[in-house]
Amino acid sequence: MTVRIGVIGTGAIGRDHARRINQVLGGARIVALSDVNRASAEAVRDDLAPDAVLFATGEELIASPDVDAVLVTSWGATHEQYVLAAIAAGKPCFCEKPLATTAEGARRIVDAEVAEGRRLVQVGFMRRYDAGYVALKQAVDGRIGAPILVHAAHRNPTVPEQYVTPMAIHDTMIHEIDVLRWLLDDDYVSARVIFPRAAARSHAKLRDPQIVILETAKGTVIDVEIFVNCHYGYDIQCEVVGEDGIARLPEPMAVQMRLGAKLQNEILTDWKDRFIASYDVELQDFINAAARGTAAGPSSWDGYVAAITSDACVAAQEKAGEAVAIDLPPRPALYS
Amino acid sequence: MTVRIGVIGTGAIGRDHARRINQVLGGARIVALSDVNRASAEAVRDDLAPDAVLFATGEELIASPDVDAVLVTSWGATHEQYVLAAIAAGKPCFCEKPLATTAEGARRIVDAEVAEGRRLVQVGFMRRYDAGYVALKQAVDGRIGAPILVHAAHRNPTVPEQYVTPMAIHDTMIHEIDVLRWLLDDDYVSARVIFPRAAARSHAKLRDPQIVILETAKGTVIDVEIFVNCHYGYDIQCEVVGEDGIARLPEPMAVQMRLGAKLQNEILTDWKDRFIASYDVELQDFINAAARGTAAGPSSWDGYVAAITSDACVAAQEKAGEAVAIDLPPRPALYS
Amino acid sequence: MTVRIGVIGTGAIGRDHARRINQVLGGARIVALSDVNRASAEAVRDDLAPDAVLFATGEELIASPDVDAVLVTSWGATHEQYVLAAIAAGKPCFCEKPLATTAEGARRIVDAEVAEGRRLVQVGFMRRYDAGYVALKQAVDGRIGAPILVHAAHRNPTVPEQYVTPMAIHDTMIHEIDVLRWLLDDDYVSARVIFPRAAARSHAKLRDPQIVILETAKGTVIDVEIFVNCHYGYDIQCEVVGEDGIARLPEPMAVQMRLGAKLQNEILTDWKDRFIASYDVELQDFINAAARGTAAGPSSWDGYVAAITSDACVAAQEKAGEAVAIDLPPRPALYS
Amino acid sequence: MTVRIGVIGTGAIGRDHARRINQVLGGARIVALSDVNRASAEAVRDDLAPDAVLFATGEELIASPDVDAVLVTSWGATHEQYVLAAIAAGKPCFCEKPLATTAEGARRIVDAEVAEGRRLVQVGFMRRYDAGYVALKQAVDGRIGAPILVHAAHRNPTVPEQYVTPMAIHDTMIHEIDVLRWLLDDDYVSARVIFPRAAARSHAKLRDPQIVILETAKGTVIDVEIFVNCHYGYDIQCEVVGEDGIARLPEPMAVQMRLGAKLQNEILTDWKDRFIASYDVELQDFINAAARGTAAGPSSWDGYVAAITSDACVAAQEKAGEAVAIDLPPRPALYS
C-alpha cells in the first residue's frame, strides 16, 4: 500500500519533506498540497509532486478522501487547528514543532487524541532518529549503569538581533528538552538557569550564553550550555555519566586532516546539516506507522511535556539562579 | 515515473536489494523475480514484493515488456550472460560484483555496451557511495594537494578454511582496487605483493596478511595491508598523502565510552555493517539513472579494469616481491 | 650554588620529594631531615640522602645554618607552625597542601610573609606545573578569546568509608579551586552546590557525585563535577569556553589500541600517576627560586584564597542549591 | 657520588647537554670542556659551567684524572677517535649519532669495547627514551600478540637544497632503524625502497618521499614513509600490527580546540620539540650507569647495526624496487 500524503504549508521545510517523500523514501506519495501562498504550493507541485492536487485550505485537504495522512509544516500558530482537524478526521498527522504555541493548545491536542483512543500524531522531534543519539541511547541503556548526570551543550555560530532570550529555550533548547527526556526515560521536576556575563557577540535583548540545569524525577541532574553566538560552529554535545561509566554522543563523521601544522577536521556551521539524515528516518517512521493507520515516535504527550518544560525554563530565566518546579499532570494510558 | 525492476537471483543480496527498492528507496518497484531456486523467488515475492511476477529464467525476465531495468544478483558465474542480455534488450542493469568471472568476460560486456552506444551497466562497487569515501574524495580533490602516497588497510576478523590466498585479491582487495582508482582518478601500472610471516591464525592455503603495492600512471604509490584473520574487527583504513597534507577516511561513527579504565569505542566486526548505508545510495543512483534510460556510477569499464588489476595482483602474489606490469587497453570514449 | 634543603616530615610525600631532589633534579641537595618518627627520617637518610643530618624537631632543622631552604611535608596540622618558623628565619619554604588547616591560619602566614616583605613560601599546588594545564593556559590566554564558561570534572574510582562529603571539597576540589583561578587569572565571588541522587557506590556520610558552580569576579561561570566513586578511572577534565572558541585539557598520553572489537586506550586509575611529572617541575621551580633567596609559583595568598573558597563550598554543600558569597579581603601588594 | 663529566664539542647539542647536566638532571656536574673553537667552549663555561676546565684537545680532556665520563658531541667525523680514546681510558662515554661515519669505524669501536670486556658506550638514539615509544613497547610486548607488520612515517616540513637522497637514510630514517629494531627485539634481513613520483617541493638531488621496506629475521615486514618536504609539520607515526590487535604511537600531547569551524590541535613543526623530553631521560640514564662505571641504553653494537642497515638502505635506493640483503655478523656476548 502506498500512503497518500497531503502537505499543509509548502515553505522550506514542507517542500523539503515533499521531496523526501516523492524522491527518497519508500511507501508514500504526495497527493495534495495547500498553502496560504498558492504560488508556493504550485511551485512544489511543479517541481516535486506533479500528481498533487492543490487545496485552498488545510481543512479541505484534510477532508479529502484521497488523502490518507497529513504533514503539518505551516506557520507555527496554525499547527494546533490542523492537527485537531486531522485527529477529528482520524488521519495520521506529522506536525513540525511546535505542536502548538502554548502548553494549553498542546493539551487540547492530547485530549482530542486520547478521546480518539489511538496514536495519530507524530511531533517533528527529529533528534530521536539521529544515528548518534540512537547509539548513545543503546550505551545509556546497556553499558554505563543508571544515569546520574548529563552534561550537554547546544552551540550555534550566530543568531540575528530579533532572537531574544526566551527563544534560547523555545527554539533552541526545546530539542534537548525532548531528546534528553527520551534518552533518560525520565521526566523533569525542576529547572534553573545560571547566566555568566554575556558574550561580546550577544545582543541587547539576548543573554547569551546560559546554563540550564534540569533535575529529573529519578534524581538525575542535567546541565545544558546554550550558546547561540558561539562563533566557531554548530556543535551539539551530550555526555551521560552513569554508575559505571560515561557515554558521549558521537561527533559528526569527518575526514581527519593534517594540514598547515594542524590535526584538524571540520565542524559544521549550519544546523541544517547536523540532523539532515534524521529527517529521512523520522518521516519513514511516520509513513510506516501511517500505513497501519496510526502514529509512532514523539507523541502529542511529548510535545505537551516539552511545552510545559519550556515554560518553566523561561520562568527560570526570569528568576536566574532559582529552581522553578515542573509539575506534570498524570500521563494518559495512551502514552504509556 | 516509477522504474519497474526485475531481480535475477534472490539469495541474500538479491532479497536485500528487493527490500531496499520496495521499502526504503523512492522511484522504483519490484515487478519481476527469477531464481534457479523457484522457492527462493517465491519467498521474496511473498515477504517483500507481492506484485512481482515470477519468471523461469533470467532471460525471460529481461525480455518482459513490464520490466524497465534489471538487478543481477545471481551466482557470479552467471553475471556475464544476464548483463549481456540486458544490454541487448537496451535495459539498464545493476550487476553485483564480479561483473564477469574473467577479464575477457568483462571485456565482452564493455564491447557490447560500447556497441550499444550508451551506459546501461552499473557495477556494485558500493564504496564509491559511502559517505566517508565521498568526504575523503572531497578532501583529496580540494584540500591536500595532488596525491603522492596512499596507505590503506582492509582487515577482517576471520575467514573460513576454504578462503585461499588469491581470494584476498578477488574477494577482498577488489574493493580497494576500484575505490582507490576512483578516489585518485588514476589508473594502475604495476602491482607487487610482499608477504611477512603468516599470522598464526592463517590457514594452510592462505598467506595472511600481505602488503599489496600498486603504482599508478600519475606516479602515486599505494600500499594496502590485507589481513583477513586480524581477529580484532572489521576495519577499513585509508590515508592519502598529498603535496600539502594528509586526509584520512573517517572512522565509523561510534559512541565514545569511559568504562573499566578504558577510553573506548566499538569497532565493527561484521563487514555487512560497514557499508550498509552505501547500498541504499548506490541503488538510488541506479534507479535515478534508469528512470532516464541509462546507468551511472561504476561502469562496465571499471569492472573490466578491476578484473585486469586483480589478475595482475594474483600474478604478483605468485612472484612475491616482484613488480607485475598492468597494461590497460585504451579507454573507449563512452567511459571518458 | 647548590641549595641545601631540609625536609620536615619524611612520610610518603616527603620521601618522594627527597628522592627527586637528590636523584632527579639539579641544583639542590638534601642536608637535613626531621620527623616525629625518627626511624622514618633515618630510613630516608639511609636510602636516599646519606649526607643528611637528623634533627629532633622541625624548628631546630629550620634554625640550622646549614639549611638554606625547607620542605614542609609533615602532617597537615603542623604545617602552619613550620611555615611561620621558616618565614621568621627568612628561609624559602615549600609547603604541601594545606598551607594551614584553617583560613585564619593561612592568613597568619600571609601576614608574616607580608611583614617579611618578600616571597618565601610556595604551596604544593602542582597542577599549575602540569604540561597539560600549561598548554591549556596558553590556549586560554591567546587563542579562544576571553573565557565565559568552564566545564570541569574531577573523577576518582573509589574512596574509603571515612571520606565524607566535605572532603570532596577540602581534599579533592581544592585542586580545581586553585588551578582554575590561575587558569582564568580571576577570583571567585560565589559558590553553589547541586546534588543529583547519590550514586549506588556512595557511602552513608558521602553525597557523591556533586556539581559545584563557581562564579568569578569577571563573570565567568564554572561547573565542576566531583565524582569520587566513579568506578571507571581517575579522570580530570577541563574545557574552557571563550568568546571565539573552546579549549580542552589534553588527555594523558596513551597508546591507542585496536583490540577485541574496541578502539581503546587506557585511562589512569591511580591519582598518583596523573600529575607525577608536575611534581618534578614544581620542585625545580622551588629550587631555582630558593637559589635566589625567594619563592615562586603558588603563594601563601593562593593558599589562603583556596582555604576561603573551600570553606564557602562546604557551606554551599550544606545549603544545597543556594549561592554562597565569597568575600575576599584586599590582595596585598606582595602578591600582585 | 657526583659524576664528573667532560664535554667534547660545544656546539648546539653539546651546549644543550651541558645545560641539562648542570641545571636539570641530578647526579653529575660538568667539569671539563673542549672544542676546536675555543671561544665556543669558553662561552659554555661562562654561561653554564663556571667550574669547568678547558682542554685544548679531546684526548687531553679524556686523559684528565678529574673527568669520570665523557660526552662526545663534536663533529661526526671525529666521533670514532674520541670514543676509542674513552674506551682506552676505561671511561663511560655518551656519543651522539653517528657513532662513526662508516660501519667499519663503528666495528672498530665494538671490537675495542668487547676487548675492554664491559659496556662503556651509549649512543644518542634518544627515541628509546621517549615516553610514547616506551608505552608502545609495553603494548607490543604485552597486549597485541606477536608483531607481524609495522607501518611507520617520518615526516619533516622542509629540508634545504643540500639535503640529498641518501641523507633521508643517514640523517632521518636512522632513528626508525634503531628504534624499530629495539621495539621489535629483532634484526633486519633485507631492505627495499620504492619511490613514487617526487613531490613538487623536492629538490634536484632529492627524491622525496620514499617508502623503505624492511624485513626482519622473525618475518615482520616494516614499511616506513620518509617525507622530508611534507610541508604540514614534523610528524612521527608508528603502528604495530600484531596477531591479536594493533598499537599506535601516541600523538604528542596537545590542547584540542574548537575554533573557526575546525576541531583542531597543533602539530609540531620543529623536530627539536618532538623528542626534547627524551634527551633528559637518556642523559640521566647515562649518568646513572656512569656512576656505576659502565654504560646502558643503545650500545656500540646498536650503532654498528644501524650503520650496516643504513648502508643497505642507501644501496636499496640505488636499485629502487629490489631487495638488498642485510647480513649481520654474530652478536658479541657483551651485547646479548
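Going by the order they are written in, the chains are A, B, C and D; count residues from 1 in each one.
Simple rule for what comes next: a residue touches a chain if its C-beta (ideal position, glycine included) is under 8 Å from a C-beta of that chain, and two chains touch if they have at least 3 such contacts.
Quick caveat, the model's predicted, so the values are computed rather than measured.
*Asks:* In terms of residue numbering, is the interface formed by chain A and chain D classified as same (over half shared) or different (under half shared)?
*Replies:* same
*Asks:* Which chain's mean C-alpha position is the greatest distance from chain D's?
*Replies:* Relative to chain D, the chain whose C-alpha centre sits farthest away is A.
*Asks:* A-B versus B-C: which interface comes out with more C-beta contact pairs?
*Replies:* Of the two interfaces, A-B and B-C, more C-beta pairs touch across A-B.
*Asks:* Hey, how far is the Cα centre of chain A from the one of chain B, in Å?
*Replies:* 38
*Asks:* Centroid from C-alpha atoms only, then distance chain B to chain C, rounded to Å. What do you get?
*Replies:* Chain centres of chain B and chain C, defined by C-alpha means, are spaced 59 Å apart.
*Asks:* Give me the residue numbers in chain C that touch at least two other chains, ranges are fine.
*Replies:* 232, 244-246, 254, 258-260
*Asks:* Within the complex, which stretch of chain D touches chain B?
*Replies:* Spelled out, the residues of chain D in touch with chain B are 145-146, 148-149, 151, 192, 194-197, 199-201, 209, 211, 213, 215, 218-221, 223, 225, 227, 230-232, 241, 243-246, 321, 323.
*Asks:* What does chain C use to touch chain D in their complex?
*Replies:* 21-27, 131-132, 135-136, 138-139, 143-144, 244-250, 252-260, 284
*Asks:* Under the definition above, what is the set of chain D residues touching chain A in their complex?
*Replies:* 232-233, 235, 251, 254, 258-269
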